[in-house]
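Here come two complexes built around chain A, the first alongside chain B, the second alongside chain C.
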Partner chain A sequence: MKRFLETGNFAITEGAIMAGCRLFAGYPITPATEIAEAMSKNLPKVGGYYIQAEDECGAMHMAVGAAAGGMKTMTATSGPGFILYADPYGWAIGCEIPIVVLNSQRVGPVSGITGAPGQGEFYNARYPTQGGNYETIVLAPNSAQEAMELTVEAFYLSERFRTPVTILADQLVTDGLEDISIPETDEEKEAMGLRFMDRKVHMGPDFYPATDEIDLPPTVLGKNTGAMCSDWTPTEEGYDIETVEAHHKPSYRMIYKIRNHTDVIARHETLFLDDDPDIIVVSFGTASRTVKTAVKKAREKGLKIGMIRPISLWPFPDELFNKKSTYLSVELDYDGQMVREVERAMPCDSDIHFFGKCGELPTVAELHEIFDKLLKNEPLKPEGWEKEVW
Partner chain B sequence: MKDRIEILASGFGGQGVVRLGQIVGVGAVNQGFRVTMLKSHGTEQRGGYVRTQLVLSSEEIDSPLVEDPDYFCVLSSAAYKQFGHMVVDGTILYDPAMVEIDENKTTRQIAIAAKETAVEKLGRPIYANTIMLGALTGATAGLLEKKNMLETMLKIIPKFKEENKKAFELGFSMTTS
Partner chain C sequence: MDRLSKKYLRARKIPSTACSGCGLGQCHKALVLALDELEYEVNDVVWGTSIGCAGRQTFATWQGDNFAGTHGRVYAIARGLRLAIPPKMKIILTVGDGDAFGIGFNHLLHAARSNAQMTVLVCDNLGYQSTGGQFGWTTPQGIVTDSSPYGMSEPNWVQPEMDVLAMLKAAGATFLARHVSMDGVALVKSLKKAVQNNGFSLVHTVFPCTTNFAKNALGSRNAVNIFRWVKDHAAPMGEEKHNTLWRTGIYHDASNSRPEFSAALRDSVAEIQRRYQHEGSH
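Up next is the complex of A and B:
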């Protein structure tokens, strides 16, 4: 086991190469630039390739192309680049091409604040491209160590599901430094719970089955398998057809291959949920770090407060929100994106509240103030808001 | 030992505040600590304040935020004004050449003449942050081990090893003698 102090960006690179990534195409952007930097140094050492593209749109197209040609590939960016991934992301979904995409969220919209964390791409990660008719897999780490482990997992899931997987990190995960343990032996990897899957080739002539089947290797172009691969509505053999009748089949597959196998994807962390807590705090990514400290300290004071942290963010883990309680969504955005999902998933006689910050983490002191108000049934009034209405 | 040690370092861009934090962080990892380190970023590095937040623990660290610093190394008045109030029971190490302190504050405040000593004894102000690193190491009374911190510093800063070694020792003696 190697152990050192490094950034999440570095940890992600280690995880990707460990998972078999051999091509990275990207365009540098704060706070994910160091991934490009580390990839450019480390990929050639293992026989891999680093490509700096002319922009993010080109970068992800290149990575998708290389993945369709049989390589395990990755790209990394932040919000302003992620939005330019929209077109190639759709290609990867529609053509069932495995690829790993990292989005280190900063403060938006548009360029926003470069060196500060945000979580404004909660929904954007769910709907990264146009057209609908698909589910997406999104994983959200809250530390450099977890970012490394989820990078390995993202490669595994992308192969099993024949689909892109997004790692939705934030600036503090990728730019912050932490002690990181990198496993070196197979035993160490197994002990850490890492899962790996080699790239295999689907021997056609069919392109896809009109079922929810997973563990089907991807079509690899140029391998002379007879399978076609099309971004237009395809037949099961992969020929363009563009008919309403034909469109139902790939749509069903893209939705239900993920929706029917969430047990393979689901990951979460929960704390103190066994005694019907008065408040359940919900958060993901680095916001959950201070939330966890705040919840533990509140318990020491005798307050009945619990915590839910979705790690697999999409598909959204509705089943975690089965308790009647007062829910509090803590997010690094001001518009309360996850509030809506929690509200949809929770029992209808529960309450939902929101505390948002942007560019910095909520402090433990701030969270304790919020807990106190909620326990006294006082309305929350975040700075700038007259009334908390959801 | 407390289950969680918080260290804050802040000053202007270019003073080596992030480097100081990195050396402390790597040194702490070498001693077996779990460590988180947040560094300020962006326009702040071009003239504004720069901040490094370090948390050390023998356990897994949840919040990486410094909210109650045990040690605050401060290299500018602006940083002192912005973060000084957070220090309640901790120790403030400040450079009197750059920081005007609040004399009424009840917490322990130690003057470390880092810039002046760097210029007088080593000829260049650039060694001020190494002097501060030595002073911080001394102030922690063994929590950060002197030999380890010195070796870590020499490994991370590739040049002027003799000068940096001397600077570290000078700083260390300011909080231990």
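Up next is the complex of A and C:
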């Protein structure tokens, strides 16, 4: 085991190379630039390639292009670049090409604040491209160590599901300097729960089965299989077609290969849910770290408060929200994006409330004030807000 | 085309899905002829296409490996793919004028800068014809289209003082040519040279669109009229006439004069890896 005091960006690079990533294409953007820098330094040492592209749209297309040629590849960006991934992200979904995408969220919309954390791409990560008719896999780390581990997992899932996987981090996860353990031996990797899968090649000539099957090797160009992949609605052979009937099959596949196998993807952290807590706090990413401290301290004070942290963020883990309670979504955005999902998933006689900050973390004191208000049924009027948002 | 289609093309895609009278088949045939004359096999080529008439109609025609990329992005896809597939396999892209010179121009310029091996056959039908016939970046001035109903008033990128091939040359392309689809032997000859360049090659080929361009510009879908019109407005470089729009022939040939993108990167990575393994971990 190697130990470092390093950034999440460093940890992600180590995880990617460990998982077999041999090509990274990127475009400089705060706060994900250091991943590109570390990749440019470390990939050549293991025979891998770093490409700096003309823009994010080009970057992800290069990474997907190389993945279509059989390599394990990755790209990383922040919100303003993530929206430029829309085009290649859709291509990778439709062509069923495995690739790993990292988005280190900052404060938006648009350029916003570059060096501060946000969580404004909660829905954007679910719907990274246009057109619908697909599910997405999104993993949300809350530390540098977990970012490394989820990078490995993202490569694993992308191979099994033949689809892009997004790691939805934030500025504090990628820029934060933390203690990181990098396993070296197979035993250490196994003990850490890391899973790996090599790239395999679908020998064709068909492109996809109209089923929800996973663990199918992806189509690879350049292996003389007569492979065909395209942005068009494909027939099972891979030819382009424009009939509504033909579109049912790939749509079914892109939705249900993920929806019917969420057990392979699901990851979460829960705390104090066994005694039917009065409040269940829901948060992901860095926000969950102060939430966790606040919940533990509240328990020490005798308050019945629990916590749910989805780690696999999409498909949204509806099954975790099965208790009647007062739910509180704590997010690094002011518009309360996750509120809607919690509200949809929770029992209908539960309440949902929202506390948002952006660019900075909620403090334990602030969270305790919110808990007190909720327990006394007082409104949670945020400072400067004209009325309670939720 | 029987022999060639049996050897290289997929039966399912014959006859072509292009409109009756379309000149795209001339571009397509010239490229397949060039590959045949170079004695390429199906497995020597990965064939990529894009959006629009040129992309849609040529996708999955090749018996070997095919991809159709997003609009304007195939040059970026090809640069990534170039690093993943065997160096001796050729990437061939059949794209439209909107794809190359509009939405994809930035990626195209950077593909030229990096000199990544790809033979880009720009099949130019003088605008956006698959969407009904809007003007593009090569539509001649004065021409009526669905989105220039009073005549194309903007300048275009085949005017001598602002030729897109000059921009591509300045950007680093190592082989550039321009033709019209009825150039036949000359087009095949240029395409052969383009494919033989281990670097970025682009062959700009104007072809007649009978359905939309001809209907708007000439007021007729008669194929003979538009084929004659395109031919009349083309002349070999140095033999231009007063009405010449397209100066045909090889515009720039610096084939194999600069390192190819993926070859250079492979060499560089191999060198770093050797040095790193020699010096040990740092």
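Quick note on the criterion: the second predicted complex is superposed on the first by the 388 of 390 C-alpha atoms of A that agree within 3 Å, B and C clash if a C-alpha of one lies under 4 Å from a C-alpha of the other, contacts with A are read in each partner's own complex, and residues count from 1 in each chain.
The working rule: a contact is a pair of C-beta atoms (placed from the backbone, for glycine too) under 8 Å apart; a residue touches a chain by one contact, two chains touch by 3 or more.
The model shown is predicted, which means the values in this text are computed figures rather than measured ones.
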Fit or clash between chain C and chain B when superposed on chain A: fit
Which superposed partner A:P277 touches (first chain B, second chain C, both, neither): neither
Which superposed partner A:M62 touches (first chain B, second chain C, both, neither): second
Chain touching more of chain A, residue-wise (chain B, chain C): C
Chain B versus chain C as contact partner of A:G81, first or second or both or neither: neither
First (chain B), second (chain C), both or neither touched by A:P317: neither
Partner chain(s) touched by A:P128 [first = chain B, second = chain C, both, neither]: neither
Touching partner for A:E54 - first (chain B), second (chain C), both, neither: second
Touched partner set for A:G238, first chain B, second chain C, both or neither: second
Per-pair minimum CA distance [chain C against chain B, superposed on A] in Å: 14
Complex contacts: residues of chain A adjacent to chain B: 3-5, 30-31, 113-116, 171-172, 175-179, 286, 289-290, 292-294, 296, 361, 363-365
Complex interface listing, chain C residues touching chain A: 12-13, 43, 46, 49, 51, 56, 59-60, 63-70, 73, 76-86, 89, 106-107, 109-110, 265, 268-270, 272-273, 276
Parts of chain A lying in touch with chain C, wherever the complex brings them together: 23, 25, 43-49, 51, 53-55, 57-59, 61-71, 73, 87-88, 90-91, 95, 221-232, 238-240
Chain B residues within the chain A interface of the complex: 22, 25-26, 28-29, 33-42, 44, 61-65, 67
